[in-house]
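Each chain carries a letter (A, B, C and D) given by its place in the written order, and its residues are counted from 1.
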Amino acid sequence: MSAAHEKESALTIPDGARTGGDGPAAAATGAGTSPAAAQVTSSELLSVVASRELAGRRTVFAGIGLPTLATELARLTVAPRAEVVYESGVCGAHPSHLPETIADAVLITGAEAVLSMPALFGCVLQGGHIDVGFLGAAQIDRFGNLNTSVIGDWERPEVRLPGSGGGVEVMANSREVFVVMRRHDPRSFVRTLDFCTTPGPDRALAEGIRPLGAGVTRVVTELGVLAREGVGDELRLVAVHPGVTAEQVRVATGWDLKVAATVATVAPPTPAELRLLREDVDPGRVYLR
Amino acid sequence: MERTTDRSDGPDKVMSMKAAVAAFVQDGATVCLEGFTHLVPTAAGHEIIRQGRRDLTVVRMTADIVVDQMIAAGCVAKLVSSFVGNSSAGSLGELRRRLERAVPEPLEFEEYSHYGMVCRYLAGSQRLPFYPLRSYGGSDLPSVNSALRKVTSPYPGADGEPEQIYVVPPVNPDVTIIHAQRADRRGNTQMWGLTGVQAEAVYAARKAVVVVEEIVADEVVRSDPNRTLVPAHAVDAVVVCPRGAHPSFAQGYYDRDNAFYRAWSHISKDPVRLRDWLAEWVYGTADHAGYVDKLGEAFWEGLAVGEALSEPVNYGRRL
Amino acid sequence: MSAAHEKESALTIPDGARTGGDGPAAAATGAGTSPAAAQVTSSELLSVVASRELAGRRTVFAGIGLPTLATELARLTVAPRAEVVYESGVCGAHPSHLPETIADAVLITGAEAVLSMPALFGCVLQGGHIDVGFLGAAQIDRFGNLNTSVIGDWERPEVRLPGSGGGVEVMANSREVFVVMRRHDPRSFVRTLDFCTTPGPDRALAEGIRPLGAGVTRVVTELGVLAREGVGDELRLVAVHPGVTAEQVRVATGWDLKVAATVATVAPPTPAELRLLREDVDPGRVYLR
Amino acid sequence: MERTTDRSDGPDKVMSMKAAVAAFVQDGATVCLEGFTHLVPTAAGHEIIRQGRRDLTVVRMTADIVVDQMIAAGCVAKLVSSFVGNSSAGSLGELRRRLERAVPEPLEFEEYSHYGMVCRYLAGSQRLPFYPLRSYGGSDLPSVNSALRKVTSPYPGADGEPEQIYVVPPVNPDVTIIHAQRADRRGNTQMWGLTGVQAEAVYAARKAVVVVEEIVADEVVRSDPNRTLVPAHAVDAVVVCPRGAHPSFAQGYYDRDNAFYRAWSHISKDPVRLRDWLAEWVYGTADHAGYVDKLGEAFWEGLAVGEALSEPVNYGRRL
């Protein structure tokens, strides 16, 4: 099974921890994390970095896993009023247990509202009520266009992936989109997508369709953070994790990656962030393993 | 592992009717008031009259008593509607004078059918450029309403030939005001009985005000999330206003005042009587609580309803 | 107030009884009803005749008043499985009291389903689930096109009527439409409508729009019954009440009314029909006065 | 005056799963199975397998385990879907073999996004020639799915220029099968928790089968008419099949069998193991009651849920 195929959906970040092989050791020895981060798992690192990007955001369309962890952490830190809207139609969930899927029964019991699919996709998402949508992908290109359909040719693919789910709609209708990619390598960060399932606004505009949002504005990876302002803009490296160089990121990227004039170093997760994440958000370490 | 913390935060949006109308209804605005016979936001209309708003475009499927009152009070420059009558009880006197004789002044009127209005809300709520519907073919309505247009389907019709269909444009009111049975303080709104097109009218609007019979504890709302037709993220203000739908009704709270519907045909027929009515019941009351008091408890007892409780359903709890 | 304006809606038959002046005496002395019908009010007569036309029909879209009485009577006689769907969204009502409006609270309590407007108009009506829709009108023409908007010019009408309500949709989407017109006179049965609010299928087709149903197939009046098969067909007189002649009906009609080769005489309401209507359907005589 | 008679008639539509599938699912038919993770009509899919249906076009937003099983059993010629994966648990082995290597034979696949599928149901349920949505601009999906087309809006866009938008065609399945918590004998169907697109999928279909956890008395349904998402007039058969959504869940009745979701990725990866599974659990059980018994009560206790009752609401009674 290819790495790409491990995703559960376009809305769920592939979580290596859940299929084994990505514990603290992997993070510590992987991409050259600093000593300070050595006790931090890859899941924790990505969750913390993504949470910081949610400052000031209100409505987040997210799948289970890292996006939910990031949003829950953000609610405790930089975005106290952030609300997760789930693709299943749940708004204002107050789960008694950490949910295992976006449709987990514990998300429904005690929720503030459960919407039908037409209301969720039509009124909430297409209606423009989502500030940030989280997406994952098998492949991403320099403009943040995404492939979640196939590796290889669509008609006879090498790997058949799950497809769009609501990914096309999240991209077209959220004000901005965050992508979390655990693996940062040239197989995933590609010059040309095998298939564009989920187009960003540049591709839409080229076809004469006016999108609502900016498309992908943040890509958080094991190596750093790529950013993009909106229409016409390319992803560029704006931050690296401690110990990672810009050149390492460029080599791991399948196109000629632009690098910001000043590349920041991502501040390692603070003790406070880690404590909240570990003790409050996911005390059972369902996703933080 | 059971989680021990819960974060029921988010802003408290409760405000007075006076403050909500002052904040969200500006002169010249497009104001949608929805509620199909049931849960008509009458009290909000009265507060708009009290605050003397002008040049409003009022959007409402069934333009009925509250619309006639707002027109008579000089608030309304234009009406967008699919039924301009006093429900089953007769005429809207002020509206007829305006449309038939431009007395005391003209009223701009954009006429639809019910589903045309519903589709305008659907398009507005879904941010669509248009919404198709199988109405209006052969009607004279498109000749007096240029918003009714046609598109050709890119798929062949049942007979293999190209197919045309009418469409309506979205409506995106500056503010939608609805009345509901209950909400929590952050605006998660629950309604039952006839629910009409209120959810879509809220989602279509730039701002939304929900007027409720009562604010309930978060736990009440959250015991039945499928009953929440308007989630908090779509609501800007929650106004507590018991009996605010009178003379219409609130299922399970009070019945319809059919006598007043019948009376309105007579009151509104005479412009002087109509203005006297407004002076006494709207301008002459400080707010809806005053209107309710003035009607008196004996009156409200006449509209009281008994109990017919829904059977609870089990949402389940992880063991 | 003109007669035309007394309608509560396109879905409600004007009921003279409710504004006074149409008791048994009026019916008896009005249109030359037979001695046998002398004890029968106009409301009763029209309800009974309309009920018979519902034989075999299942779903009826109806307003309060005569259409409801006719459908309730049909459920007890010729159409036991007929169900009324109300414009307010109520399906399978079991009212404790006779409802006074289509939105009466007693229709909701104990109903089998209450639908939103988008579901009612979109799925039920436009979706093609209605066998018979009942409509009223200020004016009707020979093809069953209806005017419920204005008498006179739309821009500055002599009488402003309530408008379509859901009438346009009922006509466009019901398999067939029944019209009950208490008054049969040339002011209501006109050669040319002042305004066509609610077009039948012929007018729709002329514009290239393909309607679902047959349009108006029955018009029940104080004088008799007009019928029409569907597209391309004109209303023709098929039955008269006892004591009424075809010529009387033609004189009362504003166009050159076609008359069937054989004009039947409407069988007067049977004692059984009257008993059911009076004792079971409307024991309080809310609509039967 | 209070009325003393009531007429709760209408046909009883209760039938066995065997009879319902025999009557409503024909070889070559377009069969919609809906339920978004929640209330997946698994038992119906298994009965379709037992009856050996062939050449079906299956329409389902989230093609998951039951679809993989139906494909493996040779029932499916074509799949119309917007997500082909084993939920959060991995892969659908049979589906991947078909699409990646045409092993043991090809499978026709029509790919959409979720909202594209929703809009196909909306168009189908509303008898529209198409439904517009703000998706697909710039996507490669239209290059592999010619059903995705564009129309030009007859209204100018926000910038005053003509505006194009993608549309999808209606889907009108020969039969839609859904699973729900409860219904009355005539098909008035009540669901809570995630309700997805089931109501629209039913209205879009020529025939509709509702599978329920339980049949309840008319009075239970009628105590809460707003909970009825599918009225009797849209339903052709009611099948009582407790636990018929396993391995998915029925809110308030039993929880999701997450272990089986995870197991399916392994089972389906091996064609022999997959066929053994079908032999044992589908062909080897006479009906879903047999499947339920075979799993055993201890198993079901593991999926049991506790009580979290909705607060009743008052519908009111005329005094």
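Operating definition for what follows: a contact is a pair of C-beta atoms (placed from the backbone, for glycine too) under 8 Å apart; a residue touches a chain by one contact, two chains touch by 3 or more.
Here the structure is a predicted model, which means the values were calculated and not measured.
Student: Out of A-B and B-C, which chain pair has the most contact pairs?
Tutor: Looking at A-B and B-C side by side, B-C shows more C-beta contacts.
Student: Which chain maximises the distance between its CA centroid and that of chain A?
Tutor: The most distant chain relative to chain A turns out to be C.
Student: Approximately how many whole Å separate the CA-defined centres of chain C and chain D?
Tutor: 40
Student: Between chain B and chain C, what's the gap in Å when you average each chain's C-alpha atoms?
Tutor: Each chain's C-alpha centroid was found; their separation is 29 Å.
Student: List the centre-to-centre spacing of chain A and chain C in whole Å, with centres computed as mean CA coordinates.
Tutor: Computed value for the inter-centroid distance: 59 Å.
Student: At least two other chains touched by the same residue of chain D: list those residues.
Tutor: Residues 122, 127-128, 133-134, 157, 163, 165, 192-193, 195, 199-200, 223, 226, 251, 255, 305, 308, 315-318.
Student: Multi-chain contacts only, two chains or more: what residues does chain C have there?
Tutor: 90, 105, 108-110, 114, 122, 126, 173, 212
Student: Can you give me every chain pair that touches, using the contact definition above?
Tutor: Pairs of chains that touch one another: A-B, A-D, B-C, B-D, C-D.
Student: Considering the complex alone, what residue numbers of chain B touch chain C?
Tutor: Residues 36-38, 61-62, 81-85, 87-91, 95-96, 99-102, 111-116, 118, 122, 133-141, 144, 157-159, 163-166, 192-197, 199-200, 249, 251, 255-256, 258, 305, 308.
Student: If you look only at chain A, which of its residues touch chain D in the complex?
Tutor: 1, 5-9, 12, 64, 87-90, 100-105, 108-110, 114, 116-118, 121-122, 125-126, 145, 149, 154-169, 172-173, 193, 195-212
Student: Once bound in the complex, which stretches of chain B touch chain A?
Tutor: Going through chain B, the ones touching chain A are 1-3, 5-11, 122, 125-128, 184, 186, 188, 199-200, 203, 218, 221-223, 225-226, 228, 231-234, 315-318.
Student: Could you list, by residue number, the parts of chain B that touch chain D in their complex?
Tutor: Counting only chain B, the residues touching chain D are 127-134, 149-155, 157, 163, 165, 167, 169, 181, 190, 192-193, 195, 220, 223-224, 226-227, 251-253, 255, 304-319.
Student: Inside the complex, what are the residues of chain A that reach chain B?
Tutor: Touch residues, chain A against chain B: 58-59, 75-76, 80-81, 83, 85, 90-92, 94-98, 105-106, 108-115, 119, 122-124, 126-129, 173, 212, 280, 283-284.
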